[in-house]
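Following this line, the structures themselves.
You will see chain A twice below: alongside chain B first, and alongside chain C after that.
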Partner chain A sequence: MGRAGRGTQFDRAGRGSRGISNAMIKNTMTSPLSTTAPIARPIRLHQPMRFWITLLQALLTALLCAFLIVPMVMSVLAGLTVNYFRGLSSGLTLHWIGTVLSTYSDSVLASLYVAAATLAITLLTGVPAGYALARSQTRLSRLIEEMLVLPIAVPGLASALAILAIYGGFSVFRNSLWFIVVGHVVFTLPFMVRSVAAVCASVDLRTLEEGAASLGASFVQRCLTIVLPNAWPGVLAGALTVVTLSLGEFNLTWMLHTPDTKTLPVGLADAYASMRIEIGSAYTIIFFAITMPLLIAMQMLGVGPGGTVNRKLERNPRAEDPTS
Partner chain B sequence: MKFDSIPITLQHCAKTFRGQRVLEPLDLKIGAGETLVLLGPSGCGKTTTLRLIAGLETPDAGGTVHFGADDVTAHPIERRQVGMVFQSYALFPNLNVRGNIAYGLRIKHVDARTQQARVGELLELMQLSVHADKPISELSGGQRQRVALARALAPHPRVLLLDEPLTALDAKLRDTLRTEMNTLLRGLGVTTVYVTHDQSEAMALGDRIVVMSAGRIEQIGTARDIYYRPGNRTVAQFIGTLNRLDGAVRDGVFSTLGGSVPLSGAAHAIYPDARCGRAELFFRPEDASLTTPDQAQLQGVVETAQFLGERTRLRIAGAAPDTLTIDVAGHIELSCGMPVGLNLRPDALLAFA
Partner chain C sequence: MHDLTFPLRWRVLLLAPALAFFTCFWLLPIARLIQLSGGAHPLATYYAVLTNSRYLASLLATVALSGLVTITTLLLSLIVGLFLVRHRFPARRLLLALLTFPLAFPGVVVGFMVIMLAGRQGLIGAMSLALTGSKWVFAYSMTGLFAGYLYFSIPRVILTVMAAAGKLDGSLEEAARSLGASPWQIMRDIILPALAPALTAAAAICFATSMGAFGTAFTLATDIDVLPMTIYTEFTLNANMVTAAVLSLVLGAVTWAVLAAARNLTGQAAAAAA
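And now, the complex of A and B:
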């Protein structure tokens, strides 16, 4: 089981156990035991002691954050300074960003092109697949779900070698961006499938569809009016994950690219390897600018790692009816 | 609002899932405008029968389903014009109350004005008008149940199918809605098939009740038939509480641990004077009366007395091999260990061949 699948199981289990725990709470509330039983008090620390412990915790947290954030900040600054080795005193400039944009504009476009093509293919194949997997309860479909994780579990290098070994001989294909698209689809498709499947399973599409059918809706009508609108959060989450992963993918792409088909991360490696450090750093800034909005969008939609969607589904038909 | 009701006929409908028979071949006639309740424990085949009528399952080869004169066996649910209420309600979370109720009309491309009038009428009928524009997630359980019913009725279905529609609600609300639904179904006159495992629901709603167990129909009859004249032991034990007297008959008199009872009526027909040997009689908790032990047919001892308000439920030991459950009026106070006598109403004794 991969992440998304586990996610849905947790969701279900969570909902169930929440019900039980509510009942248990009610029980203890009404039982006379809870009022007579002695309540264990937490150990009280002396005020000054607590102050020092809090301070220590804050300091440790700050140090850890700094350890992780300082290199990022330095990298961004490096892309904006005139001379990294002379430091900030040499002055700030947008010159390096300009250089990157003129030298590597092809790789920016290539990456966007690859991401768009990858997204289109994963949408066309992954959405129906996720829907079918969520509806089917056969052993075969569980097996397929397991198999889908393989491209994530296997190092990108290995997948790339396999693709190269089989299709590397078709030179027109080999030299086009589509060669990279294939690699990206292999890597990102599971995220789309699982994201869609998780949402489909959480809203019990099967019964919703039966309801729509009982009201006279044909298969196509059901898909358009019930399935797609309700699976939409999963599709959106999957799409954002696919685009973000495709834009940042280096492992596979490094193996599959040719001098004419460089993507953003490959260009970044190239810039650090063959140019001044300021140019590589400026490149990082551009990379941030492209991927940050996507990451923020995913955060706002509540997309978890692995493409799972943590939607708060309010489904509580047991709620009491205040009107009657 | 009135419906053109049609009869439903199931002939030789069986259902096998992966080699396992969940429904034995079954014949069932449902009258036009009738409310028929399928009652039974879980796994008895009642939901499968409902899904066969709905068109969500197809019967094994040889079975047919007719709506009136119309053979619908091969039609999927979307072509059967049924209204269905699911146990989980299956309300569409992407549509609000109005959108859910209008869905069936929208699918059929009914013109907007008729749609609006029909939805308004149903909102009124179900007392949902103030909630019309709310999303489903903001409704309580009882409101959801009413939306589900309104949605099913909106496109004028030929048959209304209800799959345990009150199970998801708490007990008090269930009682209220049961009464409301009874009034509604009688008023509409639509042919209705109602699945439940709750016998009081079945008795309150059904014109006739079909008692099912293990994929088979045990008995079909009115609530009174099934309660007072159960066709076999399975039905008798499933409906209401039943006491068992284990003993022996001789010359038309039944004797057991705590005394003896003369036989008459139906029990006498099963155990005539000529028969003697081991026998089993059954009776309901309300069919025994308390007397002083020396004048009673059966003598026993109060094991527990549970005061339930309008009645007191007694458990009596020693009168028969099994402990007996007896209901007496609530004001009667008895303490544990008290010896008591029981007289049984002669026509209330049940026996099965």
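And now, the complex of A and C:
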């Protein structure tokens, strides 16, 4: 119902105005004097209004950008100031960053290990799955795809509680970083699968592979010479997303961590709660320094927030759907 | 259809690792959580938890906050996204890059950003002290949480609006303008209907993320009664696994349902537009 309503409204606005404007252009050509006035008048009427709207829009944009960017700049400055309460006049220092590196180096390293392990597992499991899901168009494979993305539709807290409910008693596993890796893989796997599947679906792999097979290429040969080179942008986008998400994951990690398995965001929460603001800020600088290169790489590759939007692949509808 | 180069055996083999991991570490645990949440008398347990005034208040507060955040985010992002897509100015690329950074921030960092703005040593407090003589500190309350949720929702929705608005057919708008349509009419009849599918999807993601956001509330104050904080408190302080399980499953069901509904809606709308 809603769909039909929207569609017709859109059509009406589009076709209607197009038709009339064509008629008007014809009119202006035949008798310019009689018709230009009624057309020009409403435009003049709306001109000042449009100016004010644009001005307000610009102001709101500036305000919103300030809201998003100013705190980042402030926290970077706070982490480099001798005494934030006294302000920048107290001087700049790297002392706080040094303090963080000596106090929290374990948690930074733990996060890097966890991210690496998470990436390895998502590559091994997610890439083949993404390819297989893109190649098969059966109802069952759609169902499996729907199922695999469930962990990102449900809050991390619920997934973490569930993992604790069943594996919390295995203390060796519980006290190792692998417990956190498992949580991170559950949460990031959908991004890898979707990213690879979207890219694989945008090229006609089946035709290419059939061509290669008819020329005698084996499955392994086709994988190496056709599938992987074509899926590569998706694998790369997925990998960047997985690492970025793993480095910043807090909701699951806070429930799954033990005092021996603190990751970077867990350490951040700890620093915000119990340390002075300069140390929290310096720690935030370190987090920025680790994630910025990944974000810049994603920007350059055109990877969107969902991990799948690749500008080169915009014609593929599956790559654009932010919810799936 | 029979696919010669992709027999069933390989399909199963390629999907097996991901499915095995998913089953072991998500599906089975969730099944166990559902079983745990039921206890001996599932209906009675769920009824008791859901009619408990404290939990109900927490659930309603979370839904209300997330709804308000979603509406505010959509409105602001629509205005700003349309501006950013249509105007070229110096350092625009840099600005857009900076706007995407909050997308990678964990909830705790978002909470810290709110503290930087509106905390005890925050910018807003310092400015209001200089201007009005009173110090405005609202980071450690529902208002602070609202600001935090806006902080992580706005960049995502701005990007969605920009992506969708970039594909708008400019000639429709020109035609409407040449016919004397007011900016409001153009917005209502041309821009909004075209952006509707993207906006619906973005709204659903925004709502679901706000419902489940835990890190921001955790950083700002542990006594804000939003559902994720209630679940956390029940689990850690009260060691009440059954209530925590019931509440987290309810939360999960709500976010999943919102996302699924939006996907069905937008899927149809996209099909209608094509």
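Please note the rule applied: the second predicted complex is superposed on the first by the 251 of 324 C-alpha atoms of A that agree within 3 Å, B and C clash if a C-alpha of one lies under 4 Å from a C-alpha of the other, contacts with A are read in each partner's own complex, and residues count from 1 in each chain.
Everything that follows uses one rule, which is that a contact is a pair of C-beta atoms (placed from the backbone, for glycine too) under 8 Å apart; a residue touches a chain by one contact, two chains touch by 3 or more.
Keep in mind it's a predicted model, so treat the numbers as computed, not measured.
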| item | value |
| --- | --- |
| Contacts of A:230 with chain B and chain C, given as first, second, both or neither | first |
| Most chain A residues touched (candidates chain B, chain C) | C |
| Touching partner for A:262 - first (chain B), second (chain C), both, neither | neither |
| First (chain B), second (chain C), both or neither touched by A:210 | both |
| Which superposed partner A:124 touches (first chain B, second chain C, both, neither) | second |
| Partner chain(s) touched by A:221 [first = chain B, second = chain C, both, neither] | first |
| Doubly contacted chain A residues - partners chain C and chain B | 210, 212-213, 317, 320-324 |
| Chain A-touching residues of chain C, taken from the complex the two chains share | 1, 3-6, 10-11, 13-15, 17-19, 21-22, 25-30, 32-33, 36, 76, 79-80, 82-84, 87, 95, 97-109, 111-117, 121, 123, 150-151, 154-156, 159-160, 163, 169, 171-172, 175-183, 189-190, 193-194, 196, 198, 201-202, 204-205, 208, 211-215, 218-219, 228, 231-232, 235, 241, 244-245, 248-249, 251-252, 255-256, 259-260, 262-263, 265-266, 268-273 |
| Complex contact set, residues of chain B against chain A | 54, 56, 76-79, 81-84, 86, 88-94, 103-104, 107-108, 127, 137, 140-145, 151-152, 154-155, 161, 168-170, 173, 176-177 |
| Touch list for chain A against partner chain B, complex | 203-204, 207-208, 210-218, 221, 225-226, 229-230, 313-324 |
| Sites on chain A touched by chain C in the complex | 2-4, 6-7, 9-10, 13-14, 17-18, 20-21, 24, 39, 41-43, 45-46, 49-50, 53-54, 57-58, 60-61, 64-65, 67-72, 74-75, 78, 84-85, 121, 124-126, 128-129, 131-133, 135-137, 141, 144, 147-148, 150-151, 153-159, 161-163, 165-167, 182-183, 185-186, 189, 193, 206, 209-210, 212-213, 219, 222, 244-245, 248-251, 254-255, 265, 268-269, 272-273, 277, 280-281, 284, 287, 291-292, 294-296, 299, 304-305, 309, 317, 320-324 |
